[in-house]
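Okay, structure first, notes after.
Naming follows writing order (A, B, C and D), and every chain is counted from residue 1.
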Amino acid sequence: MPTTPYNRIAGGSLERVAALSDGVFAVAMTLLVLDLHAPAAAAVHSEGELRQKLLPLLPQLVAYLMSFLTLGIFWVGQQTQLNHFARADRNLAWVHLGFLFAVTLLPFSTSLLAEFIEYRTALLLYWLNIVLLGLMLAGSWLYASRHGLVMEDAPPDLNRLVLGRIVVAQSLYAIGAALCLYSTYLSIAFIVVIQLHYAIAPRTSRWLRY
Amino acid sequence: MPTTPYNRIAGGSLERVAALSDGVFAVAMTLLVLDLHAPAAAAVHSEGELRQKLLPLLPQLVAYLMSFLTLGIFWVGQQTQLNHFARADRNLAWVHLGFLFAVTLLPFSTSLLAEFIEYRTALLLYWLNIVLLGLMLAGSWLYASRHGLVMEDAPPDLNRLVLGRIVVAQSLYAIGAALCLYSTYLSIAFIVVIQLHYAIAPRTSRWLRY
Amino acid sequence: MPTTPYNRIAGGSLERVAALSDGVFAVAMTLLVLDLHAPAAAAVHSEGELRQKLLPLLPQLVAYLMSFLTLGIFWVGQQTQLNHFARADRNLAWVHLGFLFAVTLLPFSTSLLAEFIEYRTALLLYWLNIVLLGLMLAGSWLYASRHGLVMEDAPPDLNRLVLGRIVVAQSLYAIGAALCLYSTYLSIAFIVVIQLHYAIAPRTSRWLRY
Amino acid sequence: MPTTPYNRIAGGSLERVAALSDGVFAVAMTLLVLDLHAPAAAAVHSEGELRQKLLPLLPQLVAYLMSFLTLGIFWVGQQTQLNHFARADRNLAWVHLGFLFAVTLLPFSTSLLAEFIEYRTALLLYWLNIVLLGLMLAGSWLYASRHGLVMEDAPPDLNRLVLGRIVVAQSLYAIGAALCLYSTYLSIAFIVVIQLHYAIAPRTSRWLRY
């Protein structure tokens, strides 16, 4: 009897971590595109001129697409964890608040990268943001599995899969970041390809899929 | 017994796709109007001048109303699908993330159209945004129905209704877009009338209603 | 048996109308204050100057407080209705989308009023926004009660209370708006007092309380 | 029998207060970083220049981190209360709307502090914002516990813990604010240390922990 209300309270916490996360992700995803501005009307006098003024927005659009993919991947990753947690506690809530802080930084990192797409500094800061996201997500899993917050009926190899997925993904991101020694465009292309692979490819190896 | 936790997990995913979607739609709907700016106080010295400065905002308001209707129609459409899904999987989540990416683009397409309301380029980009929304929604249904994610007790003609509705609506949008050969205002009027019909008309044919 | 899945679907719709509404209200409430800008650092050289530059923000802050109260009142009003609905249908969803459109207009109406606080035009547009909110809320109740969407065990005098509350409140708002013939400040003071009364006064008459 | 629907209605209210709160917190948290602007591309011609232009953003980033921690602490505090409430009523909803108003002010207080980090006026306004958050949260608990809204099976010393936590925290914030007599940087450092302690330290005294 005394456990019923406790579980209910704890379950509520988990729900509210999920609700706050969905809210932060939703705002961050929508704000990404907010930096895309329509060209000034005064400078446009024909259809041709409008198309010409819109062309420079294309690389920015690629940066936003990349960040939307980043947010999507980490949203799915966080959701996978939350779906396997039986309950939350105060510390786990704070790990996820740290994770969400990294999420709120991404629109800034993205607009920095979109503005300075050829600068290694911008690309490395963007990569640091991704590293921070990965660290917090790994921390969430390590904390939860060590403090008995994971559901008892979770698949036994879940631990290996969740952590393995983070390590593999972060290694690929690190390689992508290192490619900026040659060209930041190469880095971005590499990262976008990895991310599209995560998002689209349905029949890849379990390591990548989870 | 082993199926109960699985369903619970999957149900949780579906809920979080819905929660993220509601968040993205809520932010996008509210941001639409954010581009409406009050005239500068320094340029206004009388009630008459204020009214005069507010008049040019009217066509912009029509563009925002049209986009709000667009978002409303696709929100209802997505909701109809989610209400009939028994569960979600990772791929379905990504189809809906793609759908949400199209949603986040709409405030940009709208401000572009509001700024360049007489330009076919702006109107066609706006239309492409609507096409993308329709494609993702059709993809969501096709994927879900082919992978057994639709509830077993869903009405038998749901498949025909959902896809039929998307095809009819997209055909009408395409006709609306084609009308820009004559005038972009004609296109916008046509699209607004279709959308108001979808939103308001309660006793139309089943094709349009679903 | 066939009614269980149907109710579940309809219940889901009601939840998503509530979720979308909470999202739109949350964004609108937070955006209200977004127009409050810190003074430019370059123009400030002492604590006294900073305080002097902050003073002109006070009337704006009053306008934002008024709008937050407006949103709070209509959020509570919508919630009261949704709590007594057994289910939603497509038309009811659209009435609430119309209601939410009026919500998204409020940050614009507010910034217009904050910028032109002495102009009757700004005050009347603000009032029209409140009228639109009231109309949609009344429409929601009328539609739901006529189409059997209200819970069967709802209090029998609920109909009278909900509609009575809207009529009384809108009458008071209309009086407040009419006061702008004397002074817009008088209008605003009157409206703020009504709203604080709604928000704070716990033991007022049932008409006002519901 | 007549109590079941009532509880269901009341429970719904509590859920919607939580949902609106999660939305407002999510938007406020994400908007904090929105004031961080990438340097203008035109003024940057090398990696070194970009790094030089990014350095001045560091103190701003500290202010944003502090505000994110503030929001996180008050989100956890509000959640602890809501998790122990059996139901909500109209007055409790308004106390939380007041709390949320203070939340929506924080992005403004933060940008003011980030812009005028050496000005006591900015720091004291920021502190007043925190005081307002604390007052509303204390008011929420006092109202709920006096009107029988707290769950009956809540821990008996919960009252002492919740109020004690607010009093201790607010006392520490007041000390932090008072330190601005020496230096606003000292105030900020003190407040950030308190907040990190709340967020991270897992084995502190119960007073601080709850």
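Assorted remarks:
Convention: contacts are C-beta pairs under 8 Å (C-beta built on N, C-alpha and C of every residue); 3 or more make two chains touch, one makes a residue touch a chain.
Given the structure is predicted, the values throughout are model-derived calculations rather than measurements.
Annotation: the chain A:chain D pair of sequence copies touches via predominantly different residues, less than half of the used numbers being shared.
In this assembly, the chain whose C-alpha centre lies farthest from chain C is A.
Of the two interfaces, A-C and A-B, the higher number of touching C-beta pairs belongs to A-B. For the pair chain A and chain C, the distance between mean C-alpha positions equals 34 Å. Centres computed as Cα averages put chain A at a distance of 24 Å from chain B. Shown for chain C are the residues in touch with two or more other chains, namely 19, 22-23, 26-27, 31.
Taken chain by chain, the contacts link every pair, so each chain touches all the others.
On the side of chain B, the complex with chain A involves touching residues 2, 5, 9, 12-13, 16, 19-20, 22-24, 26-28, 31, 90-91, 93-94, 97, 100-101, 103-105, 107-108, 111-112, 115-116, 119-122, 125. Contacts from chain A toward chain C in the complex involve residues 23, 26-27. Across the complex, chain D meets chain A through its residues 18-19, 22-23, 25-27, 29-34, 36-39, 41, 44, 47, 50-51, 54, 65, 68, 72, 75-76, 79, 82-84, 151, 153-154, 199-200, 202, 209.
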